[in-house]
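Structures for review follow.
In the two assemblies presented below, chain A is common to both, partnered first by chain B and then by chain C.
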Partner chain A sequence: MKDTLTRGGPDPQTRRPPPVQPPAPDTPARRRKRLITRTRPWLLLAPALLVLAGLLLWPMIQVGKLSLQEYEVRFGGGVGTYIGLDNYAELVSSELLWKTVLPNTAFFAFACVGLTVALGTLVALLLNRLGTTWRLICSLAIMAAWAMPAVTGTYVWIWLFQPGDGLFSHLAEGLGLIDPETTNWFTQRLPFYAIATLNVVHHGFPFVAITVLAGLLTIPKELYEAGMIDGANAWQRFWQITVPTIRPVFLVVTILSTIWDFKVFTQIFLMPGGDGSNPDVFNLGVYSYIEAFAENDYGTGAAAAVLLTLLLLAITIVYIRTLFRQGEEDL
Partner chain B sequence: MTTRTRSRTRTRTTPAARFGLGVAVAALLVFALFPVYWMVSTALDPKALTRGADLLPSGVSFEHFTFAFEKGNFGTYLLNSAIVGFGTILGAALLSLFAAVAVARFKFRFRTSVLLMILIVQMVPLEALVIPLFIQMRDYDLLESLLGLSIVYIALSLPFAIWTLRGFVATVPKEVEEAAYIDGASWFRMFRSVLLPLVAPGLVATSIFAFITAWNEFVFAYTFMKSSDNYTAAVGIFQFFGENSTAWGPVMASSTLVTVPVMIFFMIVHRRLGSGLAAGAVKG
Partner chain C sequence: MKRRVIAAVGIGMTLGLTATACGGDDSGDKAKGNGSGKGKTLTVWIMEGTNPDPEPFFKEAAAAFKKQTGASIKVEYQQWASAQKKFTTAIEGGKDQVPDVAEVGTTWVPQFAETGALVDVTDKVKESGLSDDLVAGLQDAGTLDGKQYGMPWYAGVRSIVYRTDVFDKHGLKAPTTWKELQATAKTLKEKEPGMVAFPVAGGAEMFAAPFVWGAGGELAVEEGGQWKSAINSADAVKGIAYYTGLATKDKVSPAKVNTWTEKEVGDAWNKGQIAMAVGGNWTPKAIMEGNPDLKGKLAAVPIPGQTGGMSKSFLGGSYLSTFQTDQQDLAWEFVKMLTTGEFATKWAEQTNYFPGQNSELEKVAAQKDPLVEPFAQQMMEAGATVPKTKAYGEIQASKVIPRMVQSILNGKANVQQAADKAAKEMDAIFAKDK
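Showing the complex of A and B:
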């Protein structure tokens, strides 16, 4: 074992000992070699870990620190004074947070997750029924939806719903549903978030569809044949056979969608009024950003950011536990 | 929906079921592709603003693209995006390859902890990072700098890159490495001449994904770049929005320019990234 270690082989457990290997004494040269082998993985990891620590971990610590400070921007730098939990106190006592920001964030996320998973599953079931050619065509189409960048996708949806000029405004006007002079879907909370939901679901369902399809392909056909012999209809077969068999896949896509949809920022921020001019449509991410960069209140912004991070961390822990329980991830 | 589920066996599909399938496929194609179609057709429509509900553009012209380049300075923004994208590729590919080899090929203490940390770190919301990173970058004088932006994007794309590449490295048989050692190669020689060529396809795939991450990113580019010469393409579109009216033709033309490369790249890599995506690492 020790001998193979000193050879510099990467994995001592599986490497066969080399054919000629005299039981050499523990010379300084050998010790040096062993040291190299021990430290090599860390040397390889070091650059990546340094970058991650400097640009992701350290800022997270900073944002925690900032949330406990009153941060003043001055010429050539800023000065922070510790004020304890005042920022948090201000945050949780604000009516905006409880009446607007948190409900917006939570309802929007749940609507997006529910619709994304439902639509993605339906599309996966459809793809599963198709022949090779049509499956390829449909896969390429949903890949296009998936690949659409959040920024440009959002602009297209704004354009489609643009008051007066947009396609859907014209259609609704033609059907006599709205008065084009007075209707602006972006100024009210509910239509605003309905459009944002459409945008996020359109961008998110391909991932669910592709992942669930991969799961569906692993289910043995015999299970369905047995189900049909027992007289189960399609609805029953879906709930009694498909869902329980690939439950882990559903769990993973649901949790991941939840994580992503709680932190939607760009799609809200770029919509008319989403950049701070309409507080009714704030979600937690936008609120934090506006507090920090528009109001210059970095402390409160940081406190909101910490709140969002803790929320996501809780969901992430559930996610990782799910991964481990199903033993899919062979760490 | 009800018709298509009546019979599961493909050989006994009834006409009604076939019809239902056709309708479902048509609905899926329209829903998935309509925004893309509307974007491209508006970009080409000389009368984009008064288009209304006309499904076909009133004509085909490239005037909005010309406008975006000549009046909107969009060429500079595309170049900035490309520079940042390639900087991100360079950094992310190199660092993630080393890290992936470490976690896929070596057994060491805290290996699982490192992997877990990489998994957790990518769940952090960008909005939480943008405040401290803005202050950090300001202190180091890296605001308004393409280098500063690239460094941030390298960090953002690293977790996914490591996670994916680790799978590619793990598929290279150990016997190939052993053969290199028996031939007297040192570890670095083996890495360069054996491992690197074998994981090259994976490296290409992760590089493309890092590029897409950088190319699409909005929050940091918007916050860090305040002078218009330094805008990336994703931020540059913003300027066509006026106070009261928006020039939708140029907006859709520049959106098309931003979207098309991503779509092409995405189609190239999606198969290779399949397992990595399912492992839940890609960001939304």
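Showing the complex of A and C:
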């Protein structure tokens, strides 16, 4: 996995498992060697897995448990009563979930992932063509977007689109597109999410750009030269050489972006109306938060969180399957 | 295959890493001492923002308390926005996590009391001879089933704040009825098109509530121990229709205000964009600090009643409550010190809020400060509380009222539809928390 993800080189040799010895008589020494070969990776992984289990698996199990309970906060430790799948039943029977929350979450995530990866790739291609000085300057500029905390970034975007006062509102007003007396972009679903998308894409594309650039730098120049000799234009070279060669890199940035964009919370919650006063713009993160921490219905909130996790797992499994199918074809 | 498993574990972990948002718990360590007072330390949680500079105040209070009991005070400042969650986490953790004394917003008292974390101080209040002097509405807000969970510390109320320079320029007078309020706002809108004549802020629950009460309606009513929404009653709907109509029909509040909370209204005040608005007794001072040009150009008037008198307005405030720790008695001594006499007066003076005792409140009202007196009048004569139940705290946190107001302002529902929906949402939460 690690090989495929980070190196992503074209050499299939690196992805092949260690060469298997031809069958030979079973001696104790050989058996011991095989035992070591088999357990060594797990031994090496053990410390990291233990830490992750403590910090991540345990809370996840707790959330799963909570989603099956009716939970009441008590002084010195709350009381949970198991109520089976009631929380899930309540969740999936909610009209708000199907009509608003899930569509918002999914469409927003797909729009963000698509735009982030596209923009990130374009920027990476640009960086790849630049000389050292300009590449440094541009990298620093996009790093600034990346380094900006989500909260700060969100407030800047809100400020830009602030009805009546923001830069974009003034522009639109100047062009006669809107009447500032009656326009408030934050109250309608589509403009609200358009602004949120800008915010998330702006914050997310630097990661894609830097990662894809790292991939681009590993592609041997000879491939492009050969392509040029064969008469391929830039468009063809991109799709026939660049994309297939660093496909694993694209896969990783897409998976990670999908995960991040499905669970966007801060950027929505901080926008006007995003904190619960406008149910039209709920996404799964905000919905789960409102259920759990506003209504103190921790069970339903946990169920929504589990639903989000399952959704992400499903999407990721699809990605991983494509990745490995690809790998097998290559071999 | 093996590698595939490892890879799957790896991805699963990454997924977990990014998918689980862990709430941080950074409640501070509590020093615990022995002996009566001496060597002991009380942990005190105080909300940030009420007193612009609280440190000298607590330094002085701590010194006085040390002299009196020998115990030290450790003050930890909390944010209003995140405090409720932090309290809940601490309550889950039990007596080692909760503070000994904490400032608790009146609307939080029912929720915290129900968990069993707060100390019932009814008898202690009586013993100290304090019970007769407490402002009734405020005492009531923290009393459940006859048990009082702390001492009222300070209180605030919203009235109407307006710009005297703008009013004088156009020969306007402070409104005393709903009709006058509407006419004044319309004139302001016409004469001062660059200003917001009267913000109908969609995110501010306590801007809308006075008009529900003023029309004779209620947010919710208690019937035989069970709360039931009343927000869609004929009277309440009349009040909501009047309030939202100021924006939708009279257009005295532009669309940008539809998503405003009180914070944005405050920002707009500071920019000099507001002519008149619902505002708290703490608002004038905050505006004059944010925009010194407005010094001497502000005045206040109680929220008018439909045809005169006053509309009731939310009487909010903070309690100083003691938690079920090993140092309850010592904690009570500190609460008593802060909520009575010299320190209570000093706190009220520094924060521009009102003290929780009638005797102190009358002193404030007697000063005849034009930026204080209307609020004091509103507080003593037309203060209202929201339903005293844990469920109402949840209704507020779920923004049921702002949702209703915003859906009307944004034209997604008419007043009756929006009120019916809000009533349904309220009842669902009441039913869950019987």
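Rule of thumb we're sticking to: the second predicted complex is superposed on the first by the 250 of 331 C-alpha atoms of A that agree within 3 Å, B and C clash if a C-alpha of one lies under 4 Å from a C-alpha of the other, contacts with A are read in each partner's own complex, and residues count from 1 in each chain.
What we mean here is this: contacts are C-beta pairs under 8 Å (C-beta built on N, C-alpha and C of every residue); 3 or more make two chains touch, one makes a residue touch a chain.
Bear in mind the structure is a predicted one, so any value in this text is a computation, not a measurement.
Looking at the shared chain after the overlay, A:W235 reaches chain B, while chain C stays out of its contact range. By the document's definition of touching, both partners, chain B and chain C, reach A:L56. Once chain A of one complex is fitted onto chain A of the other, the partner contacts of A:G273 are limited to chain C, with no touch recorded for chain B. When the two structures are aligned on the shared chain, A:N184 is found in touch with chain C, with no touch to chain B.
When both complexes are overlaid on chain A, the residue A:H202 reaches chain B alone and has no touch with chain C.
Between chain B and chain C, it is B that contacts the larger number of residues in chain A. In the superposition on chain A, contact of A:W260 is made with both chain B and chain C. By the document's definition of touching, neither partner reaches A:P103: not chain B, not chain C.
Judged by the touch definition given at the top, the superposed model places A:P220 against neither chain B nor chain C. Look at A:T316: by the touch rule set out above, it reaches both chain B and chain C. Comparing which residues of chain A touch chain B with which touch chain C, the overlap comprises 41, 45, 49, 52, 56-57, 59-60, 63, 77-78, 162, 165, 256, 259-260, 263, 265, 293, 305, 308-309, 312-313, 316, 320. Taken in their complex, chain B has these residues touching chain A: 1, 4-6, 8, 10, 21, 24-25, 28-29, 31-33, 35-36, 38-39, 42, 49-53, 91, 94-96, 98-99, 101-103, 105-108, 111-112, 114-121, 123-136, 138-139, 151-152, 154-155, 158-159, 162, 174, 177-178, 181-182, 186-187, 212, 215-216, 218-219, 223, 234, 237-238, 246, 248, 251-252, 255-256, 258-259, 262-263, 265-267, 270, 274, 277-280, 282-284.
In the complex of the two chains, the chain A residues touching chain B come out as 7-16, 18, 38, 40-42, 44-45, 47-49, 51-52, 54-60, 62-63, 66, 77-78, 122-123, 126, 129-131, 134, 137-138, 140-153, 155-157, 159-160, 162, 165, 167, 170-171, 174, 202-204, 206-207, 210-211, 214, 224, 228, 233-235, 237-238, 252, 256-257, 259-266, 269-270, 284-286, 288-289, 292-293, 298, 301-302, 305-306, 308-309, 312-313, 315-316, 319-320, 323, 329, 331.
On the chain C side of its complex with chain A, the touching residues are 2-4, 6-22, 85, 88, 91-95, 98, 111, 115-117, 202-203, 251, 254-256, 258-260, 264, 324, 390, 394, 397-399, 402-403, 406, 409-410, 412, 429, 432.
Within the complex formed with chain C, the chain A residues making contact are 1, 17, 41, 45, 49, 52, 56-57, 59-60, 63, 73-78, 162-165, 180-184, 186-188, 255-256, 259-260, 263, 265, 272-273, 275-280, 290, 293-297, 305, 308-309, 312-313, 316, 320, 324.
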